[in-house]
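Quick notes on the structure that follows.
As written, the chains take the letters A, B, C and D, and residue 1 is the first residue of each chain.
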Amino acid sequence: MSDIEIILKRAVHEVHPGSILNLGIGLPTQLLDYLPDDLDVMIHSENGVLGAWKQAPREEMSASLIDAAGAYISTVKGCSFFDSAVSFAMIRRSKIDLTMIGAFEVDQEGNLANWKIPGKFSPGIGGAMELAQKTPRIVVLSTHCDKHGKPKILTKCRLPVTAYHCVSRIITDKAVLDVTPDGLLVTEMAAGMTPESLQAITEAPLIFAADTLDLTEEVKLS
Amino acid sequence: MNKVTHIEEAIAAIPSGAVVMVGGFGSPGTPFSLINELLRQGQKHLTLIKNDANEAGIGISKLIEAGRVDRLITTHIGLNKTAIEWMNTQRLEVEFHPQGMLAEKIRTAGAGSFGFLTDIGLGCEITREDQLLDWEGERYKVEMALKADFALIHAARSDRLGNLVYEGSAMNFSPLMAMAADQVIVETPECCEPGEIAPNQIHTPCAFVNSLVLLPLLTQEYAVMEHHVRH
Amino acid sequence: MSDIEIILKRAVHEVHPGSILNLGIGLPTQLLDYLPDDLDVMIHSENGVLGAWKQAPREEMSASLIDAAGAYISTVKGCSFFDSAVSFAMIRRSKIDLTMIGAFEVDQEGNLANWKIPGKFSPGIGGAMELAQKTPRIVVLSTHCDKHGKPKILTKCRLPVTAYHCVSRIITDKAVLDVTPDGLLVTEMAAGMTPESLQAITEAPLIFAADTLDLTEEVKLS
Amino acid sequence: MNKVTHIEEAIAAIPSGAVVMVGGFGSPGTPFSLINELLRQGQKHLTLIKNDANEAGIGISKLIEAGRVDRLITTHIGLNKTAIEWMNTQRLEVEFHPQGMLAEKIRTAGAGSFGFLTDIGLGCEITREDQLLDWEGERYKVEMALKADFALIHAARSDRLGNLVYEGSAMNFSPLMAMAADQVIVETPECCEPGEIAPNQIHTPCAFVNSLVLLPLLTQEYAVMEHHVRH
């Protein structure tokens, strides 16, 4: 199983029936493939859709209907379309219960950096800032380290911050971490990881739950 | 009150140096035909306001690549490497806003207001000191209204008075821009008689529309883009 | 012919085909009865209607459809319904070409007072302030004097002002007056009125056009 | 995600002292049944926000006449002599706003913003010195957002998820209030299955609705009022 698959299969457990969620572009959007087809959720897409769903069958695709990631989506029953002002009113009024979002960096205070790498990557801001600042529950989906093997979970974000104190939970291929007033609490670890080996690839100091679960087992349940 | 106009005439009203809002989030809602006519007519030094820069080779990217755009006010251009290249080589000035702030700045102009107080981006890099306002004991960021001389809009359907209906995710910024721009030019593939659209199903009332261009057919630009279809 | 009839019949000439107009509650709303049925105008009503028209036939009345004055209206083809924020966006963006409005007082600078008589009448503000301030052309419809015979056209409004420098034209039962940088210019007078008799019932100093027309003749044309 | 609730339960969530927005411009859009239940349950010291005060003996005037309303934030109560009498005898505190300002203050709260800059009423009696802001060389009036604990809304039609459709002039303040209030209670005579309303014909998306009360029939209050029919 790839790191991405581990993250996504674990992330499925975060989605509660009856809730409204937003899936950030990139890794979170891929979660769609892992959600059961009869799941009772409404997916919000910033471009003015509540009730977005998986890619439509080829013959049902509409050139006038994409999600914010550009996929030609199908919709669930009870879907609504609206303008961008209403779409972000929904976000700023905290009507989205859960946002899954990608990260360049996330720190022990729940600060998130995911929109800009000065000098390297600055394609814009998109909807990330308002989603991060206003969604009651933000779950970061991210590989535990970047492609150079460097920690992404830091003591303090070094990149420009998207929103402060916004992240509730971080799901990586190696662990599940909750942001608490005392710091990052590890509640699950992948098979083979030890507190020492996880700390070694994490810049922020970690706290370990007394009954740390096996992330790998959780993934298998999906 | 028939607003149907020839595309040449409608677009000829736009002078070089104009500030032009363009509807659309990605391709849906992008008025490709009006943009193509603007490209053909040759207006220069444009300031464009659009959610994104479309993708290389289509939509407003054509105008950017032809050197017609001095400035782009937008939220995210990640799907257009050419536009990023133009930005990075200082051939295109780009002003980024959080997506909902861009929408709200346009909507504020459309409502005839001048600015609004928000907490989005407070304490972040995007907020300058001179945008901060302490008011009634709280700190806010003041976001000013964003107006335009023209808006270019694609509607799925219209009547000849200019009452508009949008489809799917093609609505996005269009109703806001129709309110915020001084002159609103709409393209549509379907124009019906007044009364055929139920009054409570009209998304943009005709008071906000100045001219209406009928599209004889929808070109390939309006079709599903194969490279966005996952197989 | 009553004073009201004179005013309304003259006011019909102010309505140009292809325009959008708003008729203030009271005297202006009564203009509806005088408009030809095939007139190509869109009437805006603050409560969210563009394309309002005369009272609907009894069997077609809908309890869900009134104009701002409370009448069960019919609508023209191409009518649209929208929320109150959009309705007033339309007003503040000056999309209403012409507003006909009532007045308690109007003065030589085009200032209008029509919302409050302190201690006597203060039912609220309604849409008057925004209509008066933002409509490109405001035509006041009013009897020339109040019911006690006192002038309503003043040198300076004494009541709380609705909007400053907003009125373009005043139509009364006695005259038609245009607000100009030089003061109030009388362009029409009712039969029997002289400059002296009109000035006698008007507080503001009047200027008379070289070719003052006969208001009564204009009224007969309706 | 079924939001259908009994009317007793839906209204019981409102405590005395609550700030309650009520949809409707005159009778159209007024949620008479929800108001009647609020009257029956006896909550007191309410602050109501509504365009008008309905007319004597119906709608929110019943609550005013029963002494349940401490404060009314509104735009015009000229059609209700009883409410004017209560105001003039200091039994009801009334705060007036220009109609579009009331709408925009509610809409601003609904958009998650905190205030907006306007020029409406500048220099007029309604503007206080402490509402003035000089910003970027211009003078504005700051109008603050107007929120509420609850909104009571009448929809012509809904699905059981709470997607709403309004009819005629009954839309008015309702979509704005649905966004601005923390808890939104909707009454409707017609509830359908999700998917029966086309996605681009929904006026208020279900995210803004908390509970949905089905009206078994529309009482006389919802009918054409004979005294407003000219013969």
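For the reader, a short list of remarks on this structure follows.
Here is the rule we go by: a contact is a pair of C-beta atoms (placed from the backbone, for glycine too) under 8 Å apart; a residue touches a chain by one contact, two chains touch by 3 or more.
Just so we're clear, the structure is a prediction, and the values are computed from it rather than from any experiment.
Where touching is counted per the definition, the chains common to chain C and chain D are B. Centroid distances built from C-alpha atoms place C farthest away from chain A.
The distance from the centre of chain A to the centre of chain D, each centre being the mean of the chain's C-alpha atoms, comes to 37 Å. One inter-chain figure worth recording: chain A and chain C are separated by 58 Å, centre to centre, where each centre is the mean of the chain's CA atoms. If each chain is reduced to the centroid of its CA atoms, chain A and chain B end up 29 Å from each other.
Shared contact sites, meaning residues of chain C that touch two or more other chains, fall at 49, 81-82, 85, 88-89, 91-92, 134. Residue positions of chain D touching 2 or more other chains, listed in rising order: 104, 107, 111-113, 119, 166-168, 171, 199-200, 203.
The set of touching chain pairs reads A-B, A-D, B-C, B-D, C-D, using the touch definition from the header. On the chain C side of its complex with chain D, the touching residues are 45-49, 55, 58, 61-68, 70-72, 81-85, 87-89, 91-92, 116, 122-130, 133-134, 160-164.
Interface of chain D with chain C (complex): residues 25-29, 51-52, 74-79, 84, 94, 96-104, 106-107, 119-121, 123-126, 156, 166-176, 203, 222-225, 228-230. Residues 104, 107-108, 111-119, 133, 135-136, 138, 140, 142, 144, 165-168, 171, 199-201, 203 of chain D are the ones that touch chain B when the two sit in their complex.
Of all residues in chain D, only 1, 110-113, 159, 161, 163, 179, 193-195, 199-200, 202, 205-208 touch chain A in the complex they form.
Listing the residues of chain C that touch chain B in their complex gives 18, 20, 40, 42, 44, 49-51, 75-82, 85-86, 88-96, 134.
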